[in-house]
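Each of the two complexes below includes subunit A, the first together with subunit B, the second together with subunit C.
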Partner chain A sequence: MSKFGTLYVESDSFFHRMEPSLKVLIFVLWSITVFMFLDLRVDLVLLALGSVFLLFSKIPFRIIRNLFIVVLLFTLTNALFILLITPEYGTVLTGSTTNLFYGLTFETLFYIFTLSLKYISLLPVVMILIFTTHPSRFASSLSKLGIPYKWAYTFNIMFRYIPDIQNEFKTIANAQAARGLSIKKDEKSIVKRARNLFNLTIPLINSALARIDKVSNAMDLRGFGKYGKRTWYNFTPMRKVDYAVLAMTVIIFLMFLLFRIYSNTRFWYPF
Partner chain B sequence: MGKKLSIFNFGTKTVVTISIGAALYGIIGLVGIPIGPNMQLRPAIVILTIFSAFFGPIVGFLSGFIGHMLTDILAGWGVWWNWELSSGFFGFFVGLVYLAKGFNMKYGLFRVWHIIFMALTGILGFVIGYCFAGFTDVVIMDEAPRKIVLQTVIITLTNSIVFIAFALPVVLSFLLTNKKNSNLVIENQ
Partner chain C sequence: MTKIVFQNFSFRYRNLKEPTLKNITLDINSGEKVLIAGQSGSGKSTLMHCVNGLVPFAYDGEISGKLFLDGIEPYEESLFKVSKIAGTILQDQDSQFIGLTVGEDVAFVLENEMTPLKEMQQKVSECLATVDMLDYINHSPYELSGGQRQRVSLAGVLSSQSEILLFDEPLANLDPVSGKNIISLIDDLHKETGKTILIVEHRIEDVLERSVDRVIVIDQGEIIFNGKPCELLRTDTLKNAGLREPLYVEAIKYSELKLEDDHKLDDINNCDHDTIKESVTNWFEDKLPTEEDFDTDKVLSVKDINFSFVSNTKVIDNVSFDIRKGEIVSILGNNGAGKSTLSNLITGILKPDSGEIVLDGEVINNLSVKAIGDKIGYVMQNPNNMTVKHMLRDEVTLGLRAGLEEADRFNFLNRWWRAKSKVCENTIETKFIDTIKKCKLYGYRNWPLSSLSYGQKRRASIASVLAREPRVLILDEPTAGQDYSNYSEFMKFMNELSGYGIAIILITHDMHLALEYTNRSIVMSDGKKIADDTPANIFSQEDIVKKANLRETSLGKLADVIGIENKHGFIQHFIDFDRERKR
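So, the complex of A and B:
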C-alpha cells in the first residue's frame, strides 16, 4: 500500500494521464456491458480488450498476477458452491440435459465457465481505475461529473486520513496487547481474541470522534463550504485525446447495446 | 437539552464525519475473525452502528457504502457495488433511531424501547441489504438463485448475531458513559 493509503502505482502511462472522470465513465459503461450479457463471446472480447488495456497501463505484472489469483480463487470457490448446491441449474437455463457423469451436466459446466469469465472480465477496468488514478485527482474530477464539491471532498478527506487511522489502529492494538488483551495468535482462546478485537473499536471510535471535531473545526476556520463553487489544486482540463477516448467508449458501448437488442436470448448456448 | 442536527444538514461536519466514518469502517472491515468457510466475525459492524446512532441515517448510509467500497478496493477484489450498497442499507436503517424523540448518543439520553427499536431496524437493514445484493446478483450477474439464497441467509444470520452480541452492548456502554457527564441543566432559556 502506498503512502496515499490506496493502491495507486506512480507511473506515467496512457491511463495515468487520462482524465479520472473518464475512467469512472469507462468503468460504469464496462460494468453495464458485462451485466447485460451472459455470453461467452462478449466476455472473451471484453477480456481481450482489457488485457490490451492492462498492457498499456504499465501496472507491474506482479500486482496484476496477485489480483488475478485472488479473483480466480473467488470464482473457483463460487463455481464449487454452485456445483454443490444447484447442479441442475444449467438445464433450467437451456432446457436440455447432457449427462457427463453422476448428475454433472455439460450445460451446468458451460454456465459456470461463462459465469466465471463474466466475473473475471470485470477485473481489468477495475484495476485500471484503482491502480492508475491518483486519489486527489480522483476527488477533483468527481466534481466534473456533476457531483457537488462537498460530496467529492469526502473522498479527499477519506484518502487523507486512511494512513492516520491505520497508525492509530496499530497503536491501540499494541497498547491493548501490552495490557494482555492481544488480538494476535499469541492469545490462544479464540473467544477472548474475538472479544479483544471487538473491544478495540471503542477507543478507535472515541479517537475518531475527537478527530472529526478537530478536522471540521479547522476546515470551518478556513471557510470550507462558504461558496457554491471551488477550484481544485489537482484540476486538469479535458484534452483532445480524452474527447477521442470518450467518443470511442460511447460508440463501443452502443455497439454492445445494439448486439444485446438483436441477440434474443440472454444466455448464449450454441449446442 | 440535547439538540440534534437535522439529517439533511450537509455542512462541513457532515462531510468530515462521512469521510472519517468511511475510512474507519473501510480499514476495520479488513479485520475479521474467521469462524467458518466464507464467514467472519467483523468488528466493522460495531463501528458503523455507532456512527449511525451518533449522526443519523444519511451519514450511516454514505459511511457504510463508501467504507465498504474502500474495504473491497484495499483487499484487492475490485468494486462490487451491490454488496457495498448492502452496508449502506444497514447503516441507514440502524441510524433511524437517531430520528426518534428523546434519543441522543452525545448526552446519553435513551429509553429501553430505543434499544429494541435499534435491534429490530438493524436486523431489518441486514435483511433488506443482503436481499437486495442477492437479488441484483441473480438479475445482473446471473448467479444460481438457490446458491444466492443460502449465502444471503447465512450472511444475514452471522451479521445479525454480531450486531446483537457486540454492537448493541457497545452502543449501550456509550450511552451510559455519556449520561454521567450530562447532568447539567440549562437554566435561563
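So, the complex of A and C:
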C-alpha cells in the first residue's frame, strides 16, 4: 500500500500522466464493449490491447500477477458452475451438438472459454484505473465527467479515512484480545473467533459514527456545499495528448459499435 | 470596536431539559486574545459553537437573547456566512484533516469558494509558509505528527481570511513540546495579524505561557469570571470551577502568602517579588527525600527487550525495567518514542526479537495474547472503544466467561457439565459483584452501559478488565482530554486499585499526571530507556527533559526565579505537600 493507504502505485508512466477522467471514460467504454459482445475475436483483441497497455503502465509485475491469479480463480469457479448447472447452454446458443464425452459438448466448452476471456479482458483497464490514478486526482476527474461534486468527493473522504478506520480496528481488536476475546489464532474455536469479531463491530460503529459527526462538522465549517460548483486544487487541464487519446478512444469504440450492429450475432461460433 | 457581543444569551440543546448557556452577557473586542476556560460540560464548547454557527445549524436547540458577530446575528444567517467571519480549528486534528495531502487540506476552503486554480495555489503556499509547513505540502496526514497536523488546520483556516479565529482545545492530544509550540504560534499570529482570537482550553497553565488579554471562566453555563489573568490567579476561582491552577501558582498559594494587587502571577518571571520570595522560601523545607516504603515484590520484569518492525530500525532498543506490586509507574515519552510498542510487547500483541518478559517468575514472551491477558490488563483511553455489550453485567463478565470456558474445554463428561456450569455461573457472579464493588458501580449493576456517565463508563471499561484479576494494569493515555476534576477522581480510583496490590502502568505524555500520581517514571526516547527515576528527579534534569520532548515544569522555573538552588528538592517538597493536602 502507498503512503495514502490506497492502492495507487507511485511511478511515472503514460497512464500515470494521463488525465484521470479519461481513464474513467476508457474504463466505461471498454466495459460497454466487453458486455456488448460474446465474441472470442473481440475478447482476444481487447486482451492483446490491454496487455500492451499494462506493459506501458509500469505497474509492478508482482501486483499484476497476484490480481491475475485472483481473477483466474474466479473465472475458473464460474466456468465450473456453468458446466455443472447448464451443460447444454452451448447447444442452446448455437443449435448444434458435438458431444465430447459424457454430457460435455464442444459448444458449451467454447462458450465458457469465450466468457472467461471476456472477464479477463476487463482486468487490464481496471488495474490501470486503480493503480495509476492518484487518489487526490480521482474525485476532481469524476466531477469533470459531470458527476455532482458532492458525490465525487465521497471518494476522497473514503480514500482519506479508510486507513484510519483500519488502524482503529486494529487497536480495538488488540484491546479485546487482551481481554481474552481474540479474533486471531490464539482463539482455537472458529465459532468463538467469529463471535469475537462480531463483538468488535459495536465499538467500531460507535467510533465511526463519532468520526462522521466530526468530519461533517469540519467540512461544514469550511464551506463545503456552499455553491453548486467548486474548483479543485488538483485540477489538471487536458493536454494535447489527452485530446488525441480521447479521439482515438471514441473512434475505436464507434468501430466496435458498428461491428456489433452489423455482425448481428449474439454469440460468435465459427464451426 | 466590539466584534462579538452576547446579550443575555441562553441556549438549550433540543434533547436536554436544562439550558447549557444561561444569560451570557459578554463583549469581545476586535483584536483581543481571550481564553475561555471551564471544565467539561461547563458550556465552554457550546459558547464557541454559538460563535462559529454549529449552533444552531448542526446542533439544534432553543436560543433566547441576542448574539452579534461583526454586526450580524449568526443564527439568522447561514453556516457558510458565519464560517467566513469566524474560522474554527477543531480539537481532533485527525478528523478535521480532510484532504489527502497537506496542500489539498489547506485548499479546501478555497475550493469551496470557487477560487481559480492559480490564485488558490499561491494562497496555499502563503498560508503554509505562515505556519512554517511549506516543506510538507505534498505529505499525507499519516506522515505528520499531531502538532504538524494542527499547523496545517490553522493554515486551512487562515486561507479563508476570517477575522476571528476560534481554537477548540488546541492542546488536547498534543505532547508538551508541540503544545508549547502551537501556543507560541497562535501568539505570534495574533501579534502579526491582529485577528480576534478565542481559545477554549482547560489547560490554563500552558495557554498562559504567552500573554492573553482576558480570561473568561465558565461554570455550569454561567460566566463566573471575566477579567485579566493576573486578577484571576490571585483568587480561588479556578479551583472552585474544577480547574487546575498553574503549578507555580499553587506552590505560592501553599506558602500561605496574602496575595496583593502588585503580585502579577500571570507571568512566572514576575514572581521574583520580594514577598513571594520570602514566603515560598520559608515554606520550602530542604529535607532529604524519604525513601518510600515499597513492597519489594517484583511483579513484572522486562529484560533486555529488542524489537524492530520489518525495516531494520530498532523501535525498542535494549529496554529493561521492573515493576513492583501495587506500584504506579508512568512511561513517558513523545509520539514515536516507542511507548505504545512497549505496551504491545508487554501484552503479547507483539513478540520481542530478543529479551525476556517475566511475570511472577514466569517467562511470558511466548504465551498467547489471551493467556497473557489473564494477568495483564490493557485499558484504552476511550471507553466507547472498549465496551461491546449493552448491559454492564454482560460487559464485565464477558472476559471472565472467555477465561472460564477455556478451563472447561476438556470436560466432556456430560453429567458433570451441568453441575460444573452452575459452579461456573456462581463464580462469575461472585467475581462480578466483587469487581463492580471495587469500581463503585454496585448500584448500577443492572444498568445498561449507555445510561452511565462518561466517568462511570470508564470505570466500567476498567471493571471488565479487572474482573479477570490481572496483576498488572496498563492504561493508555488515561487522562487525555480530561478536565481536572474528572482526572483527579479517576486517579483517586487508580490509587485505590493499587492499594489492592495491582501494579499500574500509565502510558502518557502528561507531565502533571506523572508528577502528581506516580512514584516512578520511565522515560523513553527513540526506543531507548533514558531514565527510570522519581518524577521530581526526572523533571529537574534538563537533558532528559529535552531529549524526551518533555518540558521543564513551572515549579522548576519558579525555583530558578526565586533563587532556590535545590530544584529537585523543591519539586519533591511540592509533591509531598500536595499529596498530603489532597489526601
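Throughout what follows, the second predicted complex is superposed on the first by the 271 of 271 C-alpha atoms of A that agree within 3 Å, B and C clash if a C-alpha of one lies under 4 Å from a C-alpha of the other, contacts with A are read in each partner's own complex, and residues count from 1 in each chain.
By definition in this document, a residue touches a chain if its C-beta (ideal position, glycine included) is under 8 Å from a C-beta of that chain, and two chains touch if they have at least 3 such contacts.
These figures come from a predicted structure and were not determined experimentally.
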Subunit B versus subunit C as contact partner of A:P203, first or second or both or neither: second
Touching partner for A:I165 - first (subunit B), second (subunit C), both, neither: first
Partner chain in contact with A:V241 - subunit B first, subunit C second, else both or neither: neither
First (subunit B), second (subunit C), both or neither touched by A:R211: both
Which of subunit B and subunit C A:F267 touches, first, second, both or neither: first
Partner chain in contact with A:I157 - subunit B first, subunit C second, else both or neither: both
Which superposed partner A:S136 touches (first subunit B, second subunit C, both, neither): second
Which superposed partner A:V250 touches (first subunit B, second subunit C, both, neither): neither
First (subunit B), second (subunit C), both or neither touched by A:M219: both
Those residues of subunit A which subunit B touches in one complex and subunit C touches in the other: 156-157, 200, 202, 211, 215-216, 219-220, 224-225
Interface residues, subunit A side, partner subunit C - complex: 3-5, 135-136, 156-157, 159-160, 163-164, 168, 171-172, 174-182, 184, 186-187, 192, 199-200, 202-203, 206-207, 210-211, 214-227, 229-235
Complex contact set, residues of subunit A against subunit B: 1, 6-7, 27, 31, 35, 38, 66-67, 70-71, 74, 77, 81-82, 85-86, 89, 115, 118-119, 122-123, 126-127, 129-130, 150-151, 153-158, 161-162, 165-166, 169, 190, 193-194, 197-198, 200-202, 204-205, 208-209, 211-212, 215-216, 219-220, 224-225, 266-267
Subunit B - residues contacting subunit A, complex: 10-13, 15-24, 26-28, 31, 33, 38, 41, 43, 46-47, 50-51, 54, 62, 66, 70, 73-74, 76-79, 81, 140-147, 150-151, 166, 170, 173-174
Footprint of subunit A on subunit C - complex, ascending: 52-54, 57-58, 79-80, 83-84, 87-88, 90, 92, 94-101, 103-104, 107-117, 120-121, 124, 140-143, 156-157, 160, 344, 347-349, 368-374, 376-380, 382, 384-389, 398-399, 402-403, 406, 464-465, 468
